[in-house]
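Chains: A, B, C, D, E, F, G, H, I, J, K and L, in written order; residue numbering restarts at 1 for each.
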C-alpha cells in the first residue's frame, strides 16, 4: 500500500513561519515522523512539497495512479484553488485534508475549504500530530475496504 | 489524566440510524473502543450521551472541573446550539470536535459549526476511527503541555 | 396501521396563547378530533406533546419503530431544530408537517422550516383542520403504498 | 357555495410530464375527483387550466366575483408571477395554494412562493390528494365563517 | 405586584465562568440583590434558573399567569431559541431582556436577539446592575400603566 | 406629436381592486382625463390595457414606431418582466414609468423596478394625477428636444 | 395653503455642477419657476436650501408646523440621512420627494432612498419640471383632502 | 430527425432592435440560414417565434413529442420564466440554449439563465452563427447517441 | 464626578414628535429628571442637545476631557454616523447608549447601532426612565472602578 | 490567419479524468480534430496545454501578438484566475471560452466565469464538438471583420 | 498652482485621539509639514479642517474653483457621506484620498470608502507621511498634464 | 538597508498592455526610476517580476530574510492569492501594496485586496509615481523605527 503526503504552498517554511500559529516543528521533522509511522504501519510513503500550484497538479497526475490514498495540506490553496480540487478528484483516490492550525478560529476567508466536500474527511487544528492521525486512519480505512471489496 | 467523551443528540441510535451515512458501529461499540484505547494510553475516560441539550450542559458543568480535556460529537446541535458553545467555553478545558460523516459533503446547513472556533481542533468524516484519533491526539497534546508547563 | 401525532413546544397552550393567531381550539380538542377521525379511518393514533426538545427526540426513537407514519407540528422548533430533523429522518417513516398559522404571512424567520425538505409534504395555515387533512391524506398514501409494495 | 379550481402553466400535462415528480394522475382525473368531492360536499366547482398568465388573470377577474373561494396550483408561476398575486389579492376571496410535489425538497428557486403570504394556507407535496384536502378544508372554513358572520 | 426573574442556560455558573466577560458576582448574589431591591420596591419576586429550554418554557407557562412582568436573561438561547420567544409572547406579559456583557462588542452571532422585537426593552452590558435597573424600571412602568388603565 | 399610454396587468380593475391602495378612479376615468389633457396639450394619445404580457409587447412593437413617447404603468410586471424592459428599450422612444401607489411603502419585492434604469423618469405614489403629471412633463420634454434638435 | 420647497446638499450649485447629469437650470431659476407656479395655483411657497443637515432639520422643525405640505430634494442625503427621515416624519405633513436625475440609472448606492417609504410619492428623472409636477400634484391632493375632510 | 428552433419574446424584431447589440440579421434571415443548414444536414427543421409565454409553452407541448431536439433562444424569458424551464424539461428532449449577445458582458440580471442547468449546453455571444453552431452540434450529438443506443 | 447627557438630532421635539412612539415627556422634562437624579447621586450633570452632527462632535471634544462618563441618545445618527462613533471613542470615557423606543421592534435600519460595539452598554425601549437607569448605573460603575483603581 | 487553442489545468487528463463528466476523448484527439478542421478552414492553429497558471500567461504574452484569435478552455482557472483574465484582455485579441461540461448543471462555484465578461462569446456543455464550433465561428467572425475593416 | 488640503471630522484631535491608531503628530504639525513641502514644490497650499459636513461642502464650493487639485482625509465621513462625494465630484478637480491608519486592517465598516471610485487615487496607512506623498504626487501629475494639455 | 520591489503577474507587459488603464511607462522604466530613487535614498533595491505565483513565493522566501521591507504590486493576484498573503506575512517584514490604476474605479472584483489587511499601507491609482511614493515612505518609516528601537 502506498500513500502520498502532499504539502502545498509555504509549508516548506514550517517551524519558522509564524510559529505561534503553526508550531515549531519543521516540515522535515513532520516528514520524518510520517515516514517512521508509515514504517510501523507497513506502508510506503512518498512526501512532496511545492510552492507551485502547477507542480502540485503535475505531482498528483504522475504519482496518484500508483498510490492508494493521499493526505494533503494544500496551505493557502485550500481556500481558492479549484484546480487542486479537480486534480484531487481526478485521481479517483481517497484523500484526507490536514490543517496545522484551527482554520475556523482565524480569518473568515480561511473557514472555507474548496476541497472539503470531496475529501474523505479532514483533521484540523491538531498540529503535526494531525498528519499522523490522518495517516493512521487512512491506512486503516483502506485496509478495511480492501477486506470488504477484495477486488 | 481524565478525558470526557460527550455524545449529543441522536447519537444513541448510531449503527441503526441511516447507516449509509453514519456507519454500522453502535455507540456502545464506539465507547468500548474508546475505553480500550484509554486503557492503553493510561488515562481515565468517562462517556456520556444525551438527547437533552440541558443535560449536556449539566454534565459539562458537573464533570469538566475534574477532567483534563473533552472529545465531543454534539450531533445536530453542532450547527445551532450556542448554549453548548458557551458551556464548552465555560469549562476552560481543551476539546476536540468529532463528526462521523463529512459534514462538508452534506447539506449546506451542516457546513457551519458554532463550536469550531473555540475548539482545539476537529476530526471530520473518519467514522468511529475519528474518535480514536481525537482521543490519542488530545492526550498527547495535554501531556506535552503538562511537560512544558508543569505548574 | 399506527400513526403518531407529535406536538412540539408551546402547543400545550393552544386555545389560550394568542388565539387571534392560533385559533381557540385547545390541544385536547385537536387530539380528540384526531382520535375520532383515526377511529373512522380504522387506524391507531398516539398523540404526544412536549416542551422539551430532548423528549421529542426520545419519543420518536421509542415509538416510531412500531408506527407507520407521523404527523407533526414542532412549533417554534420548526425553524431551527436540526436535532428534530435528524430524529425524524432517523425514523425512516414518512411524515407530514402541519402548521396552524400561515407561517409565510408572519415574521421572516418563520418562513424557513428546517424539516420541510425531508417531509413528505406540509399543510400550512388551515388551523386544526390541517391536522385532520394531514391524517386523512397520510393514511391514504400509506395504504396506497402498501397495496403497491405489499412486502 | 361556489369554488374555483384554477390550474396554471404546464399542469395540462400532468400524468405524462416527469411522472416520477408529479405522479401519474392526469388533470382530467384530478378534476373528476374534485368534481366528485364537490358533489359530496354540496358545492359548485368550476375548474380551469391555462398556460397563459394573462388568461389566468382574465379568468379570475371574470369568475371570482361570483365565487366564494379558490384553490389554485399556479405551477411555475408560483415562483415569480406577481401578476397572479395581485389578481388573487384583487378577488378579495380566500384561496388555498396547492403543490403536487414537495417544493422544499427541490431546487432552491422553488422554495419561494410569491403567493404564499396572501393565501389562507397551503398544501404541499401530497399529490392529487392535496387538492381534495384543500377543497374539503376550504369549504369547511367558509361554512364556519358564514355561521359566525351570517351577514 | 409579582415579577419573575428568569435566568437561562449557563447562568448558574455566573461568577466562575469566564469572569473577565461576565464579572465575578454569582447568580445567588444577583438573586439576593434582586430580592433586596424587590423588597424596597414592595413587589414580590420569583427567581428561576435552568439549563433546559423546556424547563424555561414550562416555568413561564406555569408562573406567568399569576405574574405582572418578567425580567429575563436567557443566555445563549437569546440568539436562536424561537421557542422562548413564543413562550414569552404567549404569556402576554411585558418583559425586559437583560445581558451582562455587551453582546454588540462580541462575536457577530451574539448581536442578534430573537427576543428583542417583542420585548418591552433591553438592558445590555451593565453587569448585575443591569438586572436592578430592569427591575426598577419595569415596576415603575407597570405602576404607571396600572394608574392609567385601572381596569 | 403622438403619445402612447400603456397600462399593464390588473389595471383594468382600477377603482374596484383594493381601492384603499389604488384609489377609486376607474381606468376609463383615467383614460378620459388623459385624453382631455392630451387635447389641451394638442397631442394625440392612444391608450391600451392588457393582462397579457405578450399583447403588451405586440402593442409596443406595432404602435411605438409611429409614436413620440410613452407613459406606462405595467402593474406587477414592473417587478419582473424583463421582456417588457426589452420591448420598451426596443422602441427607442423615451418613456415615463407611473405607479398609482407608493411602491416603496409596500412589500420589499415592489421596491425594485426592472424598467426604471432605462426610463426617462418615474412618477410614483401620486394616484391618477401621476399620469397627468407624466403626460404633461413628457410632452414638454419632447417639445424642448424637438426645438434643440429640429432634425 | 402654504408649501415648503426644501433643497438639500449641493443643490445650490445646480446648473454648474455636472450639467450633463443635472441640467443647466440654476436653483434660482427653479425657485423662480416654482414661485410663478405657486402664484398661479394661489398658494404660498417658501424655498430653502442648505448644505448643513442640521440646518435642514432646524428649518423643518421651525417652518413645517405652519405649512400644509412639503416638496423636497435632499440631494445626497436621500441615500443615508435617517435624521432627515425622522425630521420629515416628525412634521406630520405630506411630502413629495423630487430628484433631477434618474437615480435608478446611476450608481447602485443612489437606488436606495431612506425617505421614500414615508413620502406620499416621488418624481424622479424629470429635471426641474419634476418640481413643478410635484407642486401641482401636491396642491391638488391637499385640496381634495381638505374637501373630503373639511375639519 | 426533426429539430425545433424556438425563438422567444422580442426576437421578431431582430435586425432592427438595438442592432449594436443584436446585429443586423433579421429573424427571417436567421431562419433561412437554419433551414439551409438543416437541408445540408438532412434533418427537418421547424421554426417558431412568439411574444407570448403561453404560446411558447403550447408550441412545445404540441410539437416536441414528434421532435428529436430543440434549439432555443427565449430572449428575456431566459432570466425569469420558470414556466419555460418546466415546459422544456417536460418535453424530455435535449435542447441547446442560444444567445445572440454575450449576456455576461451586459447587465447583471442577464447573467443568470433559469434554463441553463437543464440544457444540454449553451452557445453565447456568437450572433446568428451561434444558431448554426448549435444546430450542427445538436444533430451530431443526437446521431452519435442514436448509434450508441439504437433503441 | 461629572457626567454628560448628550442628546442628538430631533430629540428637541420629544413629547410632540410621534408621541405614540417616543412618549409625551419633553426633553426639558427629561433633563429636569436627570438633573434631579444627579443631585441625589451627588454628581454634576451637563445636558446638551443639537441637530448638527458637527456640534455634537465639537461638544464632546470640548467637554469630555473634564467629564467622567457620558450618557447619550444620538437619535437617528445612531444608525449611520461613524463620525459620532469616532468622537465618542476619542473621548476615552465610558458611555451608555440610550433609546426611548425599542429600536428592534421598528424598521430594520434601526436595528443596527454603529456605536453599540464601543459603548459600555445600552438601555433600549424604556422611555425617559431609560435615561435615569443609565445615569444611576453609570455613576455606580464609575465609583466602583474608582475604588478598585484609586489612581 | 492564426488561431491559438489554449488548454488549462488538468485538461491533459481528458479522456481518463472523470469520463462520465468530461467524455472519453483525449486532448490529443481534440487537438487532432482541431488541426484537421483548421486545415479545412485554411487557418494556422497552435495548440498548447499547461497545468501552470504562469505558463499559460507566458504563452499568451509570447504567442498572441502574432495570432488573430484565441479559443480557450482554462479548466478550473475559469472560476478564479483573474490573472488569466488580465492576460487575455492584455492580448487585445478576440477569444471564445469553451467548456466540455455544462458548468451550470454542476456545483455553484462552477457557474461563475471570471473570463466570460471579456470574451467574445462562449460554448458550454457540448463536449469536444464545442471546440470545433468555436473554431469555425471564430474564423468566420474574424474573416467578416477583416472584410468590413480591411485595414 | 494651488492645492487644497481638506481635513474632515475629528482630525483636529490628531495626536491626542487614540495615538496608537493615528500616531502622535498633531494636525498643526501635519499642516506645517505640508506647507513646508508646498514651499519646496513651489505651489500654494490652503489647509482647512471642520467637524461639520456642511462646512466641508461649503469650503469646497468656495475654494475649489480657484484650486488645481485637492488632497483630503474626510475622516469617518469617508465611509458614508455621499454628500462629500457629490461635492468633490462637483469641483471637477482631481483629488487624492489620504488615510492615516490602514483602514483595511480595522473594522469592516471602514473598508468601504464612498469616495474612492471618483478619486484619482488613495494613500492609506502611511501616517502623516501619506499626506506628503499625496501632495508631491498630485503636483507632479498636474504638472505633467499641464505639459501635455497646455490649454 | 535593503528593499525588495516585487512585481506580479502581467506586470512585465506594462506600457503595452491596455495603456489607457496602466499608462505607457514600461516595467524597465519603473525599475530604473526606483533604482535611481533608491540611490538617492542610500538604500539597496532588488527588483523582481514573475508571472508564476510559486516563483513569487520562492523569491520572498529566499530574499526577504536579508531585506528590511517590501513594496509590491502583485497584479491580479491581489484579488485572490491567499498564498501570496501567507508568503508576505511569513516574511515578518513590513510591506506597502501599490496599484497603478485606481482599483476602486474598476470592476467590483478588483475592489477587494486579500493583502491589504496585513500591509503597512497602500498607494493606489497614482501610476508609476505610486512606486516612488511607496519607496520613499517605506524607507522613512523604517529609519524612524530603527531610531526608536535601535535593537
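FYI, a contact is a pair of C-beta atoms (placed from the backbone, for glycine too) under 8 Å apart; a residue touches a chain by one contact, two chains touch by 3 or more.
Computed from a prediction, not measured in an experiment: that's the story for all the values here.
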On the document's contact criterion, could you list the chains that touch chain A and likewise touch chain J? L
Could you compare the number of C-beta pairs in contact for E-I with that for D-H and name the larger? E-I
Residue-number overlap at the chain B/chain C interface, same or different (half cut): different
Report, in whole Å, the distance between the mean C-alpha point of chain C and the mean C-alpha point of chain H. 46
State, to the nearest whole Å, the distance from the C-alpha centre of chain I to the C-alpha centre of chain K. 32
Between chain K and chain L, what is the separation of their C-alpha centroids in Å? 23
Averaging C-alpha coordinates per chain, one finds the centres of chain A and chain G separated by a number of Å equal to 64
Where chain D touches two or more other chains at once, by residue number: 52-55, 80, 117
So which chains actually touch one another? I want all the pairs, not just one. A-B, A-J, A-L, B-C, B-E, C-D, C-E, D-F, D-H, E-I, F-G, F-H, G-I, G-K, H-J, I-K, J-L, K-L
Would you mind writing out the residues of chain F in touch with chain D in their complex? 9-10, 12-13, 17-18, 50-55, 75-77, 79-80, 107, 109-110
Okay, in this complex, where on chain I does chain E touch? 96, 102, 104-105, 113, 116-127, 129-130, 132-134, 136-137, 140-141
Using the touch definition up top, name the residues of chain G that touch chain I in the complex. 52-55, 57-58, 61, 80-83, 85-87, 89-90, 114, 117
